[in-house]
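Letters A, B, C and D mark the chains in the order given here, with residues in each chain numbered from 1 onward.
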Amino acid sequence: MGIIGCGYWGQNLVRNFFEASSSTVTHICDLDAERLATIGRRYPTTAGVTDYQELLSNPDVDGVCIATAASTHYGIAREALRAGKHVWVEKPLALLASEARELTELASERSRVLMVDHTFVFTSAVQRMKESIDSEELGKLLYYDSVRVNLGLYSHDVNVIWDLGPHDFSMIDYLLPYRPVAVSAVGACQIGAGSRESQAYVTLEFAENLIAHFHVNWLAPVKIRLATVCGTKRMIVFDDTMMDEKVKIYDRGIEVNDSPDDRTRMLVEYRTGDMYAPKLAQTEALSVAARHFADCVAGNATPISGGEAGTRVVAMLEAAQRSLNKGGRREEILYT
Amino acid sequence: MGIIGCGYWGQNLVRNFFEASSSTVTHICDLDAERLATIGRRYPTTAGVTDYQELLSNPDVDGVCIATAASTHYGIAREALRAGKHVWVEKPLALLASEARELTELASERSRVLMVDHTFVFTSAVQRMKESIDSEELGKLLYYDSVRVNLGLYSHDVNVIWDLGPHDFSMIDYLLPYRPVAVSAVGACQIGAGSRESQAYVTLEFAENLIAHFHVNWLAPVKIRLATVCGTKRMIVFDDTMMDEKVKIYDRGIEVNDSPDDRTRMLVEYRTGDMYAPKLAQTEALSVAARHFADCVAGNATPISGGEAGTRVVAMLEAAQRSLNKGGRREEILYT
Amino acid sequence: MGIIGCGYWGQNLVRNFFEASSSTVTHICDLDAERLATIGRRYPTTAGVTDYQELLSNPDVDGVCIATAASTHYGIAREALRAGKHVWVEKPLALLASEARELTELASERSRVLMVDHTFVFTSAVQRMKESIDSEELGKLLYYDSVRVNLGLYSHDVNVIWDLGPHDFSMIDYLLPYRPVAVSAVGACQIGAGSRESQAYVTLEFAENLIAHFHVNWLAPVKIRLATVCGTKRMIVFDDTMMDEKVKIYDRGIEVNDSPDDRTRMLVEYRTGDMYAPKLAQTEALSVAARHFADCVAGNATPISGGEAGTRVVAMLEAAQRSLNKGGRREEILYT
Amino acid sequence: MGIIGCGYWGQNLVRNFFEASSSTVTHICDLDAERLATIGRRYPTTAGVTDYQELLSNPDVDGVCIATAASTHYGIAREALRAGKHVWVEKPLALLASEARELTELASERSRVLMVDHTFVFTSAVQRMKESIDSEELGKLLYYDSVRVNLGLYSHDVNVIWDLGPHDFSMIDYLLPYRPVAVSAVGACQIGAGSRESQAYVTLEFAENLIAHFHVNWLAPVKIRLATVCGTKRMIVFDDTMMDEKVKIYDRGIEVNDSPDDRTRMLVEYRTGDMYAPKLAQTEALSVAARHFADCVAGNATPISGGEAGTRVVAMLEAAQRSLNKGGRREEILYT
């Protein structure tokens, strides 16, 4: 593998692909030669290059990870696929759904693996939530709500929706049995004139009676990573800031008495019961994803966050951006 | 004092006005005679009546608390003011801003106290937040964010915005130096056809570069009561589920480097510092409010949540309801 | 009922016995006339007296609650039983096990109910723990550990072991299938010369391979109320500071491999599994206890914290005090 | 540097000494060749050897870290010092205070650095606590209390006091202005006959009116790492399980009124005030310690956890073990 872009997250990729028994990292690529030197001291067997073309033209490199600025994902991924490489792209896959679609089709034509790093999908927490939702133990789904805020890295490349939003969009895409049809988003550009949104509230509309909403924010005093999926019978809370017991399943719900004898008021009753925190594997999501990528390259699996999922997430991002530009107006999601 | 409406909250009013040295409860009024009997056993010196007119016509009753269904607030309050009583009304003051305005003017004409029970305004936590905000130690204000969710009482009278929303609208009205100009609200009616919204997301727009947003929800697995006010220099978190340390002030902020030498990217830097949890008085907010009402009646104070504040909050609620009806469209707040 | 001693806890007794449908409070007794007047305003139907003899001689009073200083429990309880009253005594039942034994026998002779207010035994949390332990789902019991500390009421009557220790001694007595045989206790008198211990560590020894230990402390910065009961198969944590989920049952344990092939080292393996927080009733323990007392008086139940349990707890307290006096020496518990 | 013993902690040493700019790791040594191979893949520039003598005889190796079983520390450290190496030893320095003393003197004679890895002493949290204590802002010190429990690694080498106890003994030695004079310890061997203690309660006695106590336990359902240092004026809590706000300083205390007018009862009053969580550096303690060791080797510093501190900690461990053997009897600490 060659890793293109060795910033904060790129270095995590180097470590995980390096330590996975199913792959090795032969090349690291970054524009910053000093950074390459530092990483090289840690991984002396890797070759550091500043031009990613060297990786693409090297027949020993089977696949590349693209962890560069979001605006360059599409271009580099296209070149890499054309050069016959398997491609892992950081989220978002591209800045336009049409570009994401093009990459997906290109990968298919060339029979190469195209995988988007929707990291959360590979966590044992989200896997466990998926199990609960698929088993229908939650009853009728009511809503997805998420808060993803802290004083974090401020992106100079994209706004907070493009930076943190892919986490929730990809979780919603992966977990829920329905696809959102429209989105509205409001945000605030709080730092100087002409700056990017550092805080946003995003609402997703479904054809079904279900609502999804998330809050993403770079400027919050405390770290909150709290996703809730509620159904009429059970409710799941995923608190990613916990060391243990990240997922809690509440046997709580509502019961509606629509008896014809009591037309004046609908009787709503709460049902509360036990709470249950299933044991989760402690594996780092990125190492699971790296192994999954290797499995896909070996032909033993199909990416669970491949081009199709990546394209849907970009379509949601595009619609959210349009809504943001129009002051929060409802915008349909244009799946390609 | 006479208490009209002795449901869950009405009984809290009975207890607090009964125990306050500045007032006594002579009458309790409720349509449910059995309930009156139960409360009467606890407070044998109070007289229980099922018709509130008995309170209004009784010259020994100086003031009344109206803790009936929201739709009846305006009517009963108007009668009470006309009967020369001082009036404490549960939130919301009325269902229409025009009605709230009328009550405010009526109280003024008759020189009676009109106070709305915006309970949170009387908590030591919100009082402490107000101090911080007024001292401008937060720097430039960036946002107000609040989450107010749990599996709580399901109102059969109004939707969740009218039930829980007044808490946030009144805190925003009291705390922030600016007035919101528009609101948008999306909600979900999750329980049967034709039901009321049990969950809603409300965004408030300001002429200043500030945003406010809150999430109110009757159907959440865990209780969250978390309000955040962020500024460029400091950030405050009010967690009302904590026994101690409800208010935390974070010496955290952002610094922007707009240096002309580095035009390509704005340099945003986070500043993190100490956290500080000021000691707060443990007094029950309702007893503070009851004392404040007595002080106002005695002519020693002006209600900090009087008719004007009550009317503004109703104006916000009205605009939020219009937005809800129109699928989340931005609606201007029409202050009367 | 008559309530003798209307301090902080006595007022809780007044409220709970007053509001219970199975009993009513006719008399309240306290040396402080002003305090009686204050309580009388809240409960105008009760008669306030400063001499408890008035209660004992009044044939309308069926039972009395003794919530006076610990040193007076024995004397007043004895008089009350001799006067034919049913008796509820605050913990500890007496200051000497021999006195506790005498009261127990007196109650038996006179066929009166004698109940000690071991409040925790009546909580839904401890009831649920008892169920788990009795079902033997914990496997072999390993230990009971408890931390009961905060900046609380400083008793001027007894040291911290006599003040807070009865909670743990009574829980240990109620929950565990074995009786402790010896105790050692170390403490610190931190406030001025000649003061009482405000902090203590108490260890209980069992004939079985089981250990119990608790830390009681009046001078701790944060409130901790955490009791743990561990077995080889499951572990229970009772956190009384939580609003919800006070009891958590961890499906965690240890497995020992004593295989003869591997004699050099015993293989200990941890087993971690799900966590489960059973739904608990929200009832106030004191109201449960008050109802239980009424049931016992009515002849429908036998006190689960009667004279026998009360006497065992005093025996533990006595032994702990002897150990404290001797610098932590192991002292046998002399059950009478 | 050469690292001797590459188990769980040894690998942390490899990583930290490798990444420190002030040192490099040239050799790793372990009896397990397979483990060496695995680590070698990550650090291809290090040489793996199974015999530590190769390191001691190699003149290119300036210093060694000894992270082997506790029983071997003394022997290997002695050889290493005699071979002229600077020595870093994992805790405990030795199993006998006399051996620890001998190593200390040997290092002094040979002018080599001898440092014990009392990790916590190098955390920013303990550094901050030290600052508070040294500034005397806590008032008169009352107690040190610590709980260090979870379902952790079960040592096959030593009991829980020798495994986890050094953390608290070294913190007590470092933080408090007084030296403990005696210790008592009770424990439980819960896993099979003839097993080591997996749980222990340790009390430290001081000549001053101060008490220290800690609970160490390998068999606890939840992880607790909570150390409290209380004074009459302020109290510090160090919760090492928190991501942020590990250290909280409570402006709480007690005030004693010894007024001659009120001889019957000593008036103790609690004073509660603000809580304050100072910002702490996020640096990993081990990297701080590794740098400190390099500084000491370079002659720019004297170890803050050198042979003297290491010897005192072993003296406390020895006394605790004697007490354990005698059922919790008070044992004097024999400083050498």
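Basically, a contact is a pair of C-beta atoms (placed from the backbone, for glycine too) under 8 Å apart; a residue touches a chain by one contact, two chains touch by 3 or more.
Treat the numbers as computed from the prediction; the structure is a model and nothing was measured.
When chain centres are set by their Cα atoms, the one at the greatest distance from subunit A is C. Taking B-D and A-B together, the pair of chains sharing more C-beta contacts is A-B.
Subunit B has its Cα centroid 38 Å from the Cα centroid of subunit A.
If you average the Cα atoms of subunit B and of subunit D, the two centres end up 52 Å apart. Multi-chain contact residues of subunit D (touching two or more other chains) are listed as 222, 244, 272. Contacts from subunit D toward subunit B in the complex involve residues 244-245, 251, 272-279.
On subunit B, the positions that touch subunit C within their shared complex are 18-19, 42, 44-45, 222-223, 241, 243-244. On the subunit C side of its complex with subunit D, the touching residues are 142-143, 145, 147, 151, 154, 156, 184, 186, 188-192, 195, 199, 201, 203, 209-211, 213, 215, 217, 219-222, 228, 230, 232, 235-237, 248, 250, 252, 254, 256, 258, 265-266, 268, 270, 272, 327-328, 330.
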